[in-house]
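In the two complexes that follow, chain A is the common piece, with chain B as its partner first and chain C second.
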Partner chain A sequence: MLKNHPTLTYIAGRASWYVVTFFVAITVNFFLPRLGDANPVDTIMAKVSEGLDATSAKAKEEAYLKEFDLVEVEPSGKVKRDAQGRPVRTSLGHQFINYLGMSVRLDLGSSILQHPKRVSEIIKAALPWTLALQLPTIVLGWLIGNGLGALAAYRRGVFDKLMYPLALLASAIPAFCFGMLLVYVFGIRLEWFPAVGGYDDGLTPELSFSFFRSASYYYVLPFFSVFSIVVGGQAIGMRSMCIYELGTDYVKYAKLLGISESKILLYMFRNAMLPQLTGLALALGSMVAGALIAEMIFSYPGLGMAVLTAIQGNDYPLISGCTLLVTVCVLCANFSVDVLVGFLDPRIRAARQTGN
Partner chain B sequence: MCWSAFSIRAFGQLGRRAIDMKLLKQLLRSPFFVLGAGLFLLTLSFGLLGPLFMNLDVNTRVGLAYMPPSASHWLGTDHMGVDMISMLVAGLRSSLYVGFLAGTVATSVGTLIGLYGGYKGGLIDDVLTVGTNLFLVIPSLIVLILLSASVENGRSLTLIALIIGCTTWTWSARAVRAQAVSLRNRDHVALARINGFGTLGIVFFHIMPYLLSYIFMVFILQMAAGILSEASLSMLGLGPYDSVSLGKILNEAKTNEALTDGAWWAFAPAMVLITTIVFSLYVINTSLEGVFNPRLRK
Partner chain C sequence: MIETRLAHHSDASCSTNSARTRASAKRGARILAFGLLLLALADCRPKRAKEDEKGSVFPRAETFYLGGRQWGEPSTFNPIGTPGWPISTMNLLYETLLLYNSLDGRMQPLLAESYAVHDASVEVTLNPAARWNDGRPVSGGDVTFTFGLGQKFKSLNIAPIWQYLSSVRAYDKDGRVATDANIGQDYPRRVVFELNPERKNPLVVLDALQAQIIVPRHVIEPLLAERDNNLDEFKKLKFEQGAVSSGPYRLFSSSSEKIAVVRDDGYWGNAALHGGKKPAPKYIVHPLYKSNDAFSVALRQGRLDISTTFVPRIWLKAEKGVRSWLDREPYFLSSSIPMLLVNHKRAPLMDVHLRRAMAFAINYNDIRELSVSGYSEPLRPGIILPFGLERRFFSEEDAKKYGTWFDPERAKAELAAGGYSAVFGPRGELVETRDRDGKRVPTLYVKSPTGWTDWESIVRIAVKSMRGAGIDVRERFVETSVFWNALYEGDFDLIMHTPSTQPSPSKPWSRFEALLTSRDFVPLGQRMYKNIGRFNDPHAPGYEPRIDKLLALIPTLTDEGARLGAYRELNAIFMREQPYLPLVYRPDTFYEFSIKHWSNLPSAENPYLPPLIPGDRLGTNMLWAITPVSN
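Showing the complex of A and B:
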C-alpha cells in the first residue's frame, strides 16, 4: 500500500526521522544536566537534614540515592556497597538506560523541590495551561500574520508603509518585554485585567462556568503578549514571499490574461503559503521558547512557570522533565506541520510518482 | 528570530555581488537603512562612549531603592539604590558583547558547515544536513537551559555567549548551504577544481566570496538572536554572574517588584534598549535585502 501512496510514504519517512530526533533529544536531555558536578541528593539533603541525627540522616540520604538512581541496588533492596562500605555509584551509561526505561513508562522521577511529588504530576497540572495559551496563539497569529503580509505585499502604498515597520517592531520586541509592559500598563496602572496568575485565588481548576470565566479573563494579557509577536514575524515573512511571487511569470501572465485581482491573489497566496508553512515548522521552537518566558512574566500556571521555579530551586528532575516535554511538544507540532505539507504540496505527490 | 529564516529564503538567487561603492551609495539613499544604521550607531555609541563622558558606577549605592528620576540621577535608582544610567550602560555593553561574540561564533560555525556540506554533497552533506535539521527542531532555548543549569558555578558572560553561539548556528548553516549548493556547479568552480584547488581552497576562495554579503546579513540576524537569547536566559535567572546585562536588569526589576511598585524607570529603559538594538538590526537586515534583491524594490 505504501508503495503506491506517495503522501503516505512521505509521512512514514518523516515519522521515522522524528523518532531519530526524539532519541537525540532525550540523549541531550539526559547528558547535558549531568555535565556539571551538582548532585541532586546533596541539594535535597541540605534541605531536609536539619534537625536530624546522624543515623537517620544517613538512612534518608541512602533512600534518596536509591530514588534518584545514583547507586547500585542489590536484588534484596539494599544499597550495594564496596569493600570499604561505600555505596557503589551507578555508571552513567547504566543510569541512562534506566532513564530511557522510565521515560518510556512516562515516569520522570520525583521533584526535589516539592519532594514526594512526582514530576509527571506537576507537568500534568501545568501542561493544559501551556497548550491552551500557545496553540491558539500560534495558529491564530500565523493565519492573521500571513493574511496581513499578503495584503501588504499586494496593496503596497500607505497600508504597507504603516504595517511593515509596525510588524518589524512587533517582532523585535522580546515576548517577555512586551509582557512586562502589558502587566504594568493594563494590569497595574489601569487595572483592566489581572496582572498575574491564571485564575482567581478562591477557585480550583475544574470544568465550571465560574472557573472558565475567571480563566478567560486572566487569559487576555498573556495571549496578546505572544500573539502580537507571532503576527509581526509572520507578516514580515509573508510580505517578502508575496513580493517575490508578484514578480514571477505566472502572475504577470495571469495579469495579461485579465484574470481578476482576487483570483490572482488567491493563486499567489497558495504558492507563498507552502514555504511559510515549512517556515513555521522551523520557527516553532523559538516561538514556543519565547512564549514560555512570557508565561513567567504573568506567573501563568503553565510549563514556563514550572521551569522557572525548577531552575530557581536547582530541581534537576523537574527541569529535565519540563524540557523533555517541551521538546516532545515541539516535535509533535512539527510533525503535524509536515503531515499537512505532505497533503498540500503537489510536488511531493508528483516527485514520488515520477520517481516510481 | 522567527522570521529570519523566511527573509533568508525569499532572498533566493542574490547576494552574489561583492559590496562595492555603488552599493554603499544605494544603501545610504535608502531611508530604511539610514534609520536602522542610525539607531544602531546611537545605541552603540551610548554603550561605547558613555563611560568616557559620564561618571558610571554599578557597585555603589547612591540612594534609596527605586528613587524616581531626578537631576542627579536621570533615570533614578534600582532596587539596590544603584544609579540606573550606570546599570543601563553596563548592561548595554554586555548585551552588545554577547551579541557580537555569539553572532560571530554562530555565523562562523554555520557558514563553515553550510559551505562545506553544500559544496561537497554526497554522504558528508547528508550527515551534516541531518545533524543541522536535528538541532533546528530541538528548541535552542531548551539546550541553553540545560547547559547553563549544569555550569551553575561558572557562568561568565563569555561562556554564555559561546554557549548561545554553539546552539543557534543551525539556521544559518541551512541558509548558507542552500546558497552553496546553487554555486557548486558554476563554471569557475569547475575551473578551480581543474587547476588543482583543494576542497577548502575552493570553499574559501571560490564560493565564499560570492556569498559575503549574504553571510553578513546572516551575521546581523545571528547577532540579534544572540542578544535576545541572553536576555531570555537572564530572565530565567540563568544570566551571567560576573556582569550586568539588560536581561538581568529586567529580571531583577521583575523579581524585586518594580512592576507593582510602579518604578517604571527600573525596567522601561532596559526594554527600550533591547528593542531598539534588535529592531535596528532587523531594519538594517531588511534594507540590505532590499538593495541586494532588486525584486523587493519597487
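Showing the complex of A and C:
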C-alpha cells in the first residue's frame, strides 16, 4: 500500500531511521556517564561525612547505594556482599535493562543528588525559564540574522562592509566573554539592568503585572547575550548562501527579465534558506539543554545548571533524564525539518517522484 | 564599553549608508533602526520605575537577604534526611540544646537553660519555656528520642556519638528516670548523657549538644512507626509546609531561585531568651544564585545583606558598603587549615626527611598573598592556631625548636640528610630527584579538584616551590567526584584537604584526632575518613602509641596546665614528624555583610557574636539585635 504513496513511504523511511537513532542515542546516554571512575554516592559522602567514624560512614554509604539501586539486595532486604564483605554492585547490564524499561515508559526516576526529588519535577521547574530565554532568542535571532545576511549579500557596498565584520565579531566573541561584558558594563558600572537573577528577589513567580514587569526587566541582558550571537552566526551563514545564489543563472535571468528586486530577493531567500532551516531545527531541538553560560553568568534560572551539576556529581538519572529530553527534542525537530524540506525543496520532491 | 561604542558606530554608518542606497533599502534600514530603538526604549523603561516595591512579597525593610549556605533548591526539609538550608545550618526552624560562642569558648543557652560536665556524664536541663510551635513543651523525651535515632539508625549523622555514650536518659522532677509511659505527661526536663567509660570524651558530647537539632518526638515517632521504622521510606517525606518545629521562623516558600522563611511571632524564645523582643526581619530569604560572583555582585548592590561566599579583594568593595569581620588584613577570622595530605603508604613519602624538606620548601607567604587574597594570618608550625582561643596552647618555643617554615636552604639540607639529590637542567629546571642509591624517585602528584580555583592556585604555588627545592612533584587536577573517591580510598601521593573545620568546643582536639588517630586504620583501597594519609600504622613496626594515648587523654583532662602540656606534646610530635603539610589558615565560613539595609551586624569592632550568619548556629541571635536602616 505504501508503494502507492511516495510521500508516506518517504516519511516512514525517515521515521524508521529516527527510531534506530533514538535507541542508539539513549544507549550512549546511559553508558557515557557511567564510564567514569566515580559514582554519585562519593559526591554525597564527601558532603555528609565530616565527623563520621568508619562504621557510621560505611553504614551511610551502603544506605545510599541501596537507596539508589546501585547494589544488589537480597530478598530479605539486606545488601548482598562478596567474600570480603564489600557490597556487590548492581551490574551495568541489569541497570541498563531497568533504564530501558523506564525510558520507554517515559519514567525518568528520581535524582540522586537531590533525592528524593523526581527528575521530572526538576525538569518541569526549570524548563519554562529555559524555553522563555531560548525560544525567542533563537527564533528572533534567526529571522533577523537571516534578513540582515540576505540584505548584506544583495546590497553589498558599505552596508555589507559594516554588517559583515560586526556579525563576525558577534558570532565569534565567546558567549561567556560577551555575557560578562554585559554584566560589567550595564549591570555593575552603569547599573541600568540587574546583573543577577531571573526576577526581583522580593517577588515570587505568579501571574501578576509586577512579576511580569520584573521578569522582563531581568530578561534584557541574558536575552542580548544569546541573541547577538545567534544573529551574528545566522547573518554570516545567510550572507554566504545568498552570495552563492546571486551567481546562479536564475537570478541573472530574473534580473534580465526586469523582475522587481524584492521579488528576486524572495526567490533567493527561499533557496538560500534551506540549510538555514536545518540549522534552526537543530538549535530549537537542543535549546532544551539550556543556555548554560547565560545561566551561570546571570544566575538565570534554567535547565543548563541542573545538567551541569548533574554531570559533575554523576547524578545518573538526572543526566539521563535531561539527555533523553534533548534527544527527543532534537530528533523531533530534525524529523519535522526532514519532512518539511521534503515538501519545500523541489529537488527532493523530484528525486522522490523519479525514484518511483 | 566596547559594546556601546560599536553599537554607536553601526548606527551612524547605517544612516550614511542608507542615504546612498536605493529607496527600498533605505526604508528597510530605517525601519530596522527604528525597531531597535523602540526595543531599546521598551527595555529601558521599566527599570526607572523599579525602586518602588509594589507587589513585592518581601518588603525590603522587613526582609533580610543572606547567601552562601545553599546551592540549588533543597530536595527536602525533612529534619532527619539530608535537608538543605535553613535546617542544615540550624536554629531558624529546628534548634539545638546549646549555642557555642567561638570568640570566648562559652556555651550559651537555647533549648537547654544550663548544662554541667561531670566525671562520668554530661547533664543538661531544658528551658521550661521551650515549646514546639504546636504548643507542646520541648521535653527530655524529645532529646532522648533524637539521640536514640542515632542508636537505631547507623547511617544518621548523630550515630557516631554513640561510640562515646552509654545511655541518654531523661529524669523527671522527682529524679526518677522518665520511662516512655510518662514522657510527655509530667514533662521531664533533666537529661543525662552517660559517657562510655571505654572511650570517655565529654568534648565530642559537647560538640553534639551544640550541633544536633532536636526533633519533635510526638510527630516523628508515629510517622516512623507507620513505615515500620523504615528510614528510607521516612526520608521520602519532605516536611515542606506546616512542620512542627521549635525555632523562631517557619518555612515560607522554596523554589529553584530562593528559599524564604517567615517569622513565627509565637516563638517561645522571644520572651524566655530575648526579653520579649521579636527578631527584626519578618522574612529571611536565601536567593539561590549560581556562582560566587553572583553573590558578590548582589552584595555590593545591596540586594544581599550577608553572605558566606568567597569575595575576592574585599577591600575594594568597602566603598559600596560591603564589610567583612575585620576592616584590615586578614579580614576574616580563620579556623581551619587547608593542607596537603601525604600518603604514608607510598614510597618514598614515609621518609620524614622528605616530608620536612617539602614543608621547608613551600612559600607560604606567596600562598597567603596570591591564593587567598591575604585572608589569612601568617602560617606558623604545627596545627594549633596561633591566635584566638587556641593561642593558649601554642608554644613559640616548640615552634622554633621543631617547626618548619619557608626556608629553601633548610629544605635542601633535609633532602641531603635523607640522601636525596636533585638534578637540574641547564636553565635551572628540575629534571629529577634521586634517592640514596642514585635511583630516580618517581614524580609525586598533588591531587586537587579541578575548578576549585583557590585550591588550584595554592597547589600551583606549593608545587613550584617544592620543585625549586629539588623535589619532583607535579600538580594533577581531577574531577570533583573522582577527587573524593581518591581521597577516602587513599589513591594519591599528596592531596588537598581541609580537616575538621567548624569551630566547636572540641577544638583543637578534633583537628588532631582527624589527622593523627590510628583507630579504624584500614589499608589503601578501603575508606578512611580520619588520618586519611595512613600515618602511624598501628600494625606496622614503627608504631608510636603515644599519639593515640594523648588523643584519648586530652578530652578527659580538666586541669588547664595538664591540657596545655598534652597539646604541646602532641603538636611537637606533629612538627617533628610533619605527617602532613599545612599551607594556610582559612575561615570555616566567610562573613561579609552590606550596611545598606540593616545595621548593627556583628564585626570585630562590635563583636557581640562570632562571625556567623543568621541561621548558622549562634549567628541566629543577631536577628534580635539588628535594626533596619531607615531611609
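By our rule, the second predicted complex is superposed on the first by the 246 of 356 C-alpha atoms of A that agree within 3 Å, B and C clash if a C-alpha of one lies under 4 Å from a C-alpha of the other, contacts with A are read in each partner's own complex, and residues count from 1 in each chain.
Just so we're on the same page, a contact is a pair of C-beta atoms (placed from the backbone, for glycine too) under 8 Å apart; a residue touches a chain by one contact, two chains touch by 3 or more.
If you're wondering where the values come from, they're calculated on a predicted model, not measured in any experiment.
Of the two partner chains, chain C is the only one that A:P116 touches; chain B does not reach it.
Look at A:W192: by the touch rule set out above, it reaches chain C but stays clear of chain B.
By the document's definition of touching, neither partner reaches A:S225: not chain B, not chain C. Of the two partner chains placed by the overlay, chain B and chain C both lie in contact with A:L169. Contacts of A:V183 after superposition on the shared chain: both chain B and chain C are touched. In the superposed model, C is the one of chain B and chain C that contacts more residues of chain A.
Using the contact criterion defined above for the overlaid structures, shared-chain residue A:T137 touches neither chain B nor chain C, since it reaches no partner.
In the superposed pair of complexes, A:T90 makes contact with neither chain B nor chain C. In the superposition on chain A, A:Q312 contacts both chain B and chain C. By the touch criterion defined above, A:R213 lies against chain C but remains apart from chain B after alignment on the C-alpha atoms of chain A. Overlap of the chain B and chain C interfaces on chain A comprises residues 36, 38, 169, 181, 183, 188, 195, 296-297, 312, 314. Per the touch definition, chain A reaches chain B in the complex via residues 20-21, 24-25, 28-29, 32-36, 38, 156, 168-169, 171-174, 176-177, 180-181, 183-184, 188-189, 195, 229-230, 232-234, 236-238, 240-241, 243-244, 247, 275-276, 279, 281-283, 285-290, 292-293, 296-297, 307-308, 311-312, 314, 316, 319-320, 323, 326-327, 330-331, 334.
Chain A meets chain C in the complex at residues 36-40, 42-46, 48-64, 66-67, 111, 113-117, 125-126, 151, 155, 157-159, 162, 166, 169, 178, 181-183, 185, 187-188, 191-193, 195-205, 208-211, 213-214, 216-217, 220, 261-262, 295-301, 305-306, 309, 312-314.
If you check the complex, the residues on chain B that touch chain A are 1-3, 5-7, 9-10, 12, 134, 136-143, 145-147, 149-153, 171, 224, 228, 231-232, 235-238, 250, 254, 259-260, 262, 264, 267-268, 271, 274-275, 278-279, 282-283, 286, 289, 295-296, 298.
Chain contact summary for the complex, chain C toward chain A: residues 1-4, 6, 9-10, 13-14, 16-18, 20-21, 24-25, 28-29, 43-44, 46-47, 50, 53-60, 63, 65, 72-73, 75-76, 81-82, 154-157, 159-160, 163, 207, 231-232, 235-236, 238, 253, 255-258, 260, 285, 287, 289-291, 294, 297-298, 300-301, 303, 479-482, 484-485, 487-488, 500-502, 510, 519-520, 522, 527-530.
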